[in-house]
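Okay, so chain A shows up in both of these, paired with chain B first and chain C after.
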Partner chain A sequence: MLTYIDKIRQIAEGFLKEGTVDMVIGFRRGTLPLMNEPCLIKRPEDVKKLVWDSNCGINLANYLTNRKEKIGIVAKGCDSRNIVNHIIENKIKREQLFIIGVPCKGMIDRHAIEALFPSEIEEVVEDESRIVVTGGGVEQIWSKAEVLQENCTICIHRNPVVYDELVADLVVEQKDVDRYEDIRRIEGISPEEKRDYFNDLLSSCIRCYACRNACPLCYCPTCFVDASRPQWVGKSQDPTDIETFHFLRAFHCAGRCTDCGACERACPMGIKVRVLTKKLEKDCLELFDWETGMDVEKRAPLRTYSPDDPDDMIR
Partner chain B sequence: MLFKNLIEYMGLEPGRLHFSWISSAESTKFVEVVNEVTSAIKALGPRKSMVKTPLTDIKDKATEHVDIH
Partner chain C sequence: MKCVKIDKKLFAGGIERLQTSYRLFGPVKDNNFHDFQALHVGETPDPTMLNTRLSPKSIVYPQSELMFEYSLDDSKKDSHILKEIVADNSPRVVIGIRPCDAKAFLLVQHNFDTLEYKDPYWVRAYEATTFVGLACNTPCSTCFCTTAGSGPFHEAGSDVLLVDTGDYYVAKIITPKGENLFKLAGWEEEAGSDNAAGEIENLKQAAEARITTRVNTDKLREKRTTDLFDASFWEEFAFSCINCGTCTYVCPTCWCFDIQDEVSKTAGVRMRNWDSCMYPLFTYHGSGHNPRDNKTKRLRQRFMHKLKYYVDKYEKGIQCVGCGRCIRFCPVNIDIRKLCEAMNNFEPAQKSI
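Showing the complex of A and B:
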């Protein structure tokens, strides 16, 4: 995956020189290890800033919303599906985009590494299969497979679904993945246990809204959590307010979430917020045979009506 | 459907949230549904979570606290 970078730079430079695009959206090295950050490259000589490794877990589709320029964008599987969703929701036009497709092999779980590493992380180096973390005089080595983000271990769309150029051959998609084991377990417990589970899960939430900000789906001019007239949801740390926020945030992603994991990655408290969006994703698949972002011609379940939509909960 | 599934997934007991489609001409159905909903909810009893502590209660507790010290 590390070899991708030359190709990404080469394509980006070509696009910018020819004037095919006004800017390229990609990743540059972050100020902290494990945290590459998005960047907008406008001049061909700046393409050397672009990087690619296993710390590119942010979803770049988030930076496309309502842009008017012609844009080259680096897109792994999940980014590409969110780009499709953006096109469907008229947040960007396909004609404006030149998609640099990146066949993905999974991103590293920064929360896992931070939890496992005994000291402050100073440097992270990786090769094709391993990552080496150093800091405070300690060095630790993991195989990448051990420390992948959870959504990457169960990902079945690693290859971009739309692209104009590819930086490498497509990777083999993971087969026979059980995507919903954790969700089924929660579905199976009693209402009291569910209540306790979610109270506990969300108790450390500080309402910073990083999960919302990182998500390409959350582009409303005024988010329901920020509105004060009317105030849709309490702004306090009361468990019910927190739960309401999370319930609604997830529900707004129904039929739109690609399980890209950007929300979970962004959370400073390491809360597994995907437990909620994944339930919706599972239901959309089971009830509406729907997978997000696979086809620009198809409309999401909550935007369409069909006489055979499941409705057995209506009396 | 997605809404109901998600809220029950988060711990709302089945039987507390009801959906119905009743035309203005269906008075009998309206009565039936209202009776069904009320008895289902009575059977479940008062809800314990997803209920916000009213500010007045918090204030009472705070004053109690001050009194003790």
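Showing the complex of A and C:
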């Protein structure tokens, strides 16, 4: 995956020089280990700032919403599916986009490494299969597969679904993945246990909304938790209000979420918010045979009427 | 200044004795991160922490705080009258607070406790608190405290500063509050002050030498506010920002709040909750107009406030102690050190580029 960068730069430079695009959205090197920063490149001579490695977990589709320019965008599998969703929801037009597709091998879970490493992380070097972490005089080596973000370990669409250029050959998709082991477990517990589970899950939430704001789906001009005329949700640390935010947000993402993991990656408190959106993803798959962002021609199940709807209430 | 030596074996015993006179708060590890929590009997602050994820500001200034209660039941004599809710302001001690975070309370004090205005909630809680600082022998790579008006052995804001010398803590007693606390803990073995001072000085120099990043703030004061405000760099810095509340909520020196009424049937409370200048609602007017209607303006506000308005208004340096939390926890790697550099170096001529 490290070899992708030359190709990304080359394509981006070409696009900018030819005037195919006004700008390219990609990643630049961050100031901390395990962090790259989303960036906007406008001049061909700046494409050298672009980087690609296993720390590009932020979903770049989030930066497209309602933009009017012609845009080149670097997209791994999940970003590309969110781009499709954006196109379906009229947040961007396909014609505006020149998608630089990146066959992905998974992103590193920076929270997990920080937790596993005994000292402060000073440097992280990766090659194709391993990462070497150093800090405080300690060195530790992991195979990448061991430290991927959880959503990447169960990802079945690593290749971009739409693209104009590819930076490398497509990767082999993961097969026989059980995506919903955790969800089935939660489905199986009693209502009381569920209540305790959710209370515990969200107990450390500080309502910073990083999960929501990192999410490409959360583009509402005014989120329901921010609405003040009328105000729907209290703003304190009251657990009921915090849970209302999370549950409703998850429902708003039903049939739209690609499980890109940007929400969990963004959360400063390490809260596993994906279990909420994954439950709805599972329902959409089981009820409507629906996977998000696979086809620009198809409308999402909750925006479609069908006489075959499994629910009597709709029919 | 008096220095006291505490054998680490006797530390837990002293903490235990303090439980009868104070509510204790200290860094505890939970789910891979350290945060300040109430220490229960038998618990001691975890000495392995570098710094806590959230700053300890909430011990004095909770994220949600009740201010008044009222009744809307007209059959009651006191309906529609705001009655103050006074929190538990019994003495409390924060043990193991890092010098940057202790200093941060002094920066916040310029806002909450002035000659003109006193915020009674903050002032009462602050006055009830004794701060036992713990000097940093191993600062993090994101710490830039030494150029942000603080430092790994900085004393301002702490009532006592503990220095870890291996088998012992050497404690510098800074205020009468600190002295009183040490008496109650039974930590009274005086450290030979020459020796202790030398030992502390050596550790201090070693710690300061480990701080590798710095910010330059010397030119911020002389810049014209409007030049900085109109600077060309904001757009670029703001591109990746997602306008979450992370940076403001983890920051020990961010103090903004929002006041809300919540009514259930006829019982109402007025409370305040932390707010963030990164949120659109922060400046949303009753008219529907929002003067900071995009993320670039909101990001600019955060950094202009910390690095320019505060500097000009109080003449006490920047509104930042260099703890590095916003750098570590920002989901997209916005780095205040880069912003500070850009602001400090800004020349209006750059406008034309």
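The rule we apply is simple: the second predicted complex is superposed on the first by the 311 of 315 C-alpha atoms of A that agree within 3 Å, B and C clash if a C-alpha of one lies under 4 Å from a C-alpha of the other, contacts with A are read in each partner's own complex, and residues count from 1 in each chain.
The rule is simple: contacts are C-beta pairs under 8 Å (C-beta built on N, C-alpha and C of every residue); 3 or more make two chains touch, one makes a residue touch a chain.
Since the structure is predicted, the reported quantities are computational estimates derived from the model, not experimental observations.
Look at A:D283: by the touch rule set out above, it reaches chain B but stays clear of chain C.
Within the superposed three-chain model, A:G234 lies in touch with chain B and with chain C [touch as defined at top]. Legend: residue contacts after superposition of the two complexes on their common chain; A:C208 is shown touching chain C, with no touch to chain B.
Legend: residue contacts after superposition of the two complexes on their common chain; A:T304 is shown touching neither chain B nor chain C. In the superposed pair of complexes, A:S143 makes contact with neither chain B nor chain C. Judged by the touch definition given at the top, the superposed model places A:E243 against chain B, while chain C stays out of reach. Shared contact residues of chain A, touching chain B in one structure and chain C in the other: 234, 238. Contacts from chain C toward chain A in the complex involve residues 31-33, 50, 53-54, 63-64, 138, 140-142, 236, 239-240, 242-246, 249-250, 258, 260, 262, 271, 273, 276, 279-281, 284, 327-329, 331-335, 337-338.
Those residues of chain A whose C-beta lies close enough to touch chain C in the complex are 30-32, 35-40, 58, 62-63, 111, 114-115, 120, 122, 136, 204, 206-210, 212-214, 222, 226, 228, 234-238, 265-270.
Contacts from chain B toward chain A in the complex involve residues 1-14, 18-21, 33, 36, 48-53. For chain A in complex with chain B, the residues that touch the partner chain are 186-187, 191-192, 194-199, 234, 238-241, 243-244, 247, 250-251, 254-255, 276, 279-280, 283-284, 287, 301-302, 309-311, 313-315.
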